[in-house]
Amino acid sequence: MNHYRPASRRLSPDRCFAADPAQRAVARALYAVVRELPLLCPHGHVQPALLAAPEARFGSPAELFIIPDHYVTRMLYSQGVPLEELGVPARDDRPVESDHRRIWQRFAEHFYLFRATPTGLWLADELTNLFGVEERLSAESAGRIYDHLEAQLARPEFAPQALLKRFNIALLATTDAAADDLAHHQRLHADGLNHIRPTFRPDALIALSRPDWPAQIAALGRAAGVEVASYADFVRALEQRRAFFQQMGALATDHAALTPYTHRLSDGEVATLFARALRGEVDASAEARFTGHMLIEFARMSAEDGLVMQLHVGSLRNHNHAVFTRFGPDNGADIPISTEWTRNLQPLLHAYGDDPRFRLILFTLDESSYSRELAPLAGHYPALRLGPPWWFFDSVNGMRRYFDLVVETAGIYNLAGFNDDTRAFASIPSRHDLWRRVSCDWLAGLVVQGLLAEDEAHELAYELAYGLAQRAYRWETW
Amino acid sequence: MNHYRPASRRLSPDRCFAADPAQRAVARALYAVVRELPLLCPHGHVQPALLAAPEARFGSPAELFIIPDHYVTRMLYSQGVPLEELGVPARDDRPVESDHRRIWQRFAEHFYLFRATPTGLWLADELTNLFGVEERLSAESAGRIYDHLEAQLARPEFAPQALLKRFNIALLATTDAAADDLAHHQRLHADGLNHIRPTFRPDALIALSRPDWPAQIAALGRAAGVEVASYADFVRALEQRRAFFQQMGALATDHAALTPYTHRLSDGEVATLFARALRGEVDASAEARFTGHMLIEFARMSAEDGLVMQLHVGSLRNHNHAVFTRFGPDNGADIPISTEWTRNLQPLLHAYGDDPRFRLILFTLDESSYSRELAPLAGHYPALRLGPPWWFFDSVNGMRRYFDLVVETAGIYNLAGFNDDTRAFASIPSRHDLWRRVSCDWLAGLVVQGLLAEDEAHELAYELAYGLAQRAYRWETW
Amino acid sequence: MNHYRPASRRLSPDRCFAADPAQRAVARALYAVVRELPLLCPHGHVQPALLAAPEARFGSPAELFIIPDHYVTRMLYSQGVPLEELGVPARDDRPVESDHRRIWQRFAEHFYLFRATPTGLWLADELTNLFGVEERLSAESAGRIYDHLEAQLARPEFAPQALLKRFNIALLATTDAAADDLAHHQRLHADGLNHIRPTFRPDALIALSRPDWPAQIAALGRAAGVEVASYADFVRALEQRRAFFQQMGALATDHAALTPYTHRLSDGEVATLFARALRGEVDASAEARFTGHMLIEFARMSAEDGLVMQLHVGSLRNHNHAVFTRFGPDNGADIPISTEWTRNLQPLLHAYGDDPRFRLILFTLDESSYSRELAPLAGHYPALRLGPPWWFFDSVNGMRRYFDLVVETAGIYNLAGFNDDTRAFASIPSRHDLWRRVSCDWLAGLVVQGLLAEDEAHELAYELAYGLAQRAYRWETW
């Protein structure tokens, strides 16, 4: 029934490795050690529902690879392909392309756009090594490959739960709203999938000016069993939810902010500000001050309850208003801005940067801050670790620049290892494989330049693939 | 009559290629394909008069290589050689060196300053491959080489029009004031040189505070046949001139700004502001607001008439007041500043960034914005393309950093290919050759690391050398 | 008596060299030429007392390698080792670890933290090549190595004065407070050690708001024999001190500032501001304006007396208040901020940037300014030179980025060569060796890519190792 016949598409077993034979030999040796290690995924956006229900499926190839992946759709959009033609659902219910085979064909015709991009590498790896596609995706091959993928996806071994085992994932943290009931995680844990863990994300609760903020506060109150009528109630409800997440196995919290501005408000100031917000009296300035205060407050909670705090900074969301109006958020129109860490983070670090109970992992979209600010900060404050290259920089060159710019100052042991930060579950092994390849090649470069002994490189390859993430997120199996 | 005898100066045929034998072999193969392709020069500053008159000549070696080239004179100046001694004409008519042979000798004595610089590479290539100089330029060889160059320059095959053919230039865009009568282009086209095209540059018309602004407006009015007594007249005159440029084959407009700040003023605001400017009532703030408004207005015109919009941002001109006072602008004292694109360009992109008629090509002098802002913007907005590394970054490492920082996020197809941006006509082949070498070597690096198939690399080598520029500037021969 | 027996620790003779055999061969050839050249150390922080007294000794291995070295202590602190346990003296006289052998053991247990860092490279080189340690430092070997080091340090050939000769140092500039009596230098010169020179550092005299400023002014007045009751007195006292330093062989001054802001105050403004400061009436804004003014005033003095002016910018000192309170400054908690040079330095450069008597050497902690601002500035203004990569960037990759980002625009001859900027006297040869290796490897890379002739590379290797520093600091032996 499967008409698919393999053709010419081959991935180099040495991809990401330097051409130099000496360096390549060392890289291969290091990679051989870490290639099969279990995957630690301490930060990501996989929907727990996908894994909780044994009957869940990925849907069509277009649903798996194209429609929900803004890495893919933004690139096609940048070259003139309307999002409607890619089946991206419109907010206003205007019709969009619903023929998934046509969406796939359109994607295949533009697949050349992903040459020399990480998305291109992940897709090639996923098609080849996960789905067994052996010819190159093109307008001509699109139909055959679609058939092949459709057939594969119908097979039980391509159900999400089946892949969860096959991927050898030791830890998978999802990212969940603070008011979430974590029902999917309850089911997962009941089914023995204890390694799927929630992460506490309270961003919606501090976005005072968003229209849905009152609804978010109400939901928090319901979930926590606390009537949130004051700032003190708010803090109590947050602490209650954190405790619940922790019971459910959460290792960490996650926070996004436009800037890393932190500043503690006095008790009176924050009480007044919050009371005004409850009455609908807020402006952008009040929201920024509240965010700056709450980051310190979340640091305090982390110091007390031990949840690792993650901070992702610097994305100006929904830059394209027309796309946002028609299609909503997360459509490839989030654009970074420059980020100042040294002064902005100082109040938070004064309060908790030296606290041995506290752990803060930082993620940036401004690479100029790697060597100037982040590495010196992480090379001093005991609480700090540097997250891996994020988003646009989760790429071969992004990783190389990160290693080159960060390690000499921060050392390797102040890094937090890798996380894939993806909602595309099926791409997880490809993303970790890229990190492992690039980190082994980078270590090999140090070895052949006489800057690292080969036994040290072996230890560090393990650390970068597994150990650092394990310790940064204080991961222990139950 | 030509006493010149070749000596030891040899350029490596593999210059710019990695030492690694595998990578070098691929680079050579790619370069062999693109090396002889015609040159597309969609942005530059060659004087059309030089090409329009068959009798035009380059002048002496000092006039060709030194006196007008601020890349050369600034480096000698930085090491203590007065500009007067290099024959740079002074504004105050104080005498400067007029013995071109002495100027050449001075230059040759300091030629070592250009080691490891792009100017050094261009000059070596030009001397060797265009003029047949085979010994190295030094204090000792200066006189012999001067004689040789003088003899060559006297020959008809070194006339600018002769070189235009020899260079295999398929398109050469000049940059012309909005009020220019384009008489040289008329003559060029009458002589069948249809591939020399004007570019519409209206910068002088929006510099409200410059002393010559009233004169510029008057010249615009005369050229357009419009009496410019209001903002509406101003817009009408600009549109008239754009139409004329377009009739004369213009493909693009060019705009320089200190920052990419854009903000649309209301009709009333801009009418009032312009009326005040006509009465001489302007300040720096009004000028900045007007520039921010006009960039959006020029985008509107481009969307309507189809001229590609180029935007060069970030140079603080005439940083050295003493040099400016004595020698005027363009003497190597323009210094970059940091540039914010994400927020500044948002109003313009909201208005026209999704418009399929509109094309905007961006050029930066702040490399920290490559990966942080420009690549994400170009990887989303259909109207955007990224111009090649500009000015100081038109160099081996500048190109490598550009590829490394930009392509993974923006993809290759959101680049605008190469342009030489030079007023030094005779250096054009050397500049394109450097780009072609570096881009082939970069592609070869991807191939040997297993990140790109060799047939893809061949296609991309062609795109980087020719195809991208052709499409970015919508170039079609008449 | 020395029980130490060599074991397995070996440093590659080719460390820092590319793996590519062609590049490595050229790098070796270049390095062979410069490896044994005398060391020029025109900027550093070695205590002159250490060298002036023949009886001075380094103390214990912990005193030599750990306790005073904030590069070492900050990394251990970042991984949770309290500074008290490293024997760092506390301001409040709380007890800290005093058992040096235990401090050493703690350091050895954490020595893996320095993998892939410059501190790790320097330490390995120093232990191996200076002290003859041949096994790797680890928890297991710590005790044996401590014994070995202790024995070595007791030998007369490891006295500081003995090492000064062995190191082949041709020039060693210390950094000295403006009011210093330079008694140690007097003794050094009397003993024939004319190559130990003071450097004039007046920073404490312009920090108007620091509690000890009145005491600093009083000390200046005493040293200069001037009662400082006005700004005019202050300038006279500074000029007097500079003349004294110059008599004592000073080549340069050194200035640190948070930003390179410069702005000349009027005579009246500065007189009033200074008078207020003497009355204790200052705020942060007044101090910043005074600093901006004084930088221009120091430039004037340098133009007049010929002392080379050094400017180190961009470190936010004492970021960690808790560490500062307990342990004081210089404990690894100085964090860089982004730095704007183009506009900030313009007033100073307008005044003296073209002055052939003036020399200004710039040091940055913001690498994004290398290619954007510093290289264009240095490639134009005759007075400017770029200092080597500083502090966090005095590293293999830091040097490589510096060469890649700076040289194409500024040229090599606008660089100031290397300086070690260290207070760790025994590490000086290791630091210079790293620079020489990396610069030779970088030049070799240019050679094998056909971008530089091999004879040119030899000249430039010499320049980078010796010639540039010699000329930048106008060094001539007495």
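Read from first to last, the chains carry the letters A, B and C; within each, the first residue is number 1.
In this text, a residue touches a chain if its C-beta (ideal position, glycine included) is under 8 Å from a C-beta of that chain, and two chains touch if they have at least 3 such contacts.
Nothing here was measured: the structure is a model prediction, and the numbers come from that model.
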{"item": "Copy-to-copy rotation for subunit B and subunit C - C-alpha atoms, rounded to a multiple of 5°", "value": "120"}
{"item": "Type of subunit A:subunit B copy interface by residue overlap (half), same or different", "value": "different"}
{"item": "For subunit A paired with subunit B, centre-to-centre distance based on mean C-alpha positions, whole Å", "value": "40"}
{"item": "Sites on subunit B at which at least two other chains make contact", "value": "18, 20, 338, 368"}
{"item": "Interface residues, subunit C side, partner subunit B - complex", "value": "18, 20, 22-23, 338, 340, 342-343, 346, 349-350, 353-354, 356, 368, 371-373, 375-382, 384, 404-405, 407-414, 445-446, 448-453, 456, 459-460"}
{"item": "Residue numbers on subunit C that touch subunit A, as the complex places them", "value": "11-20, 74-75, 77-80, 112-118, 121, 136, 316, 319-323, 332-338, 365-368, 392-393, 395-398, 401"}
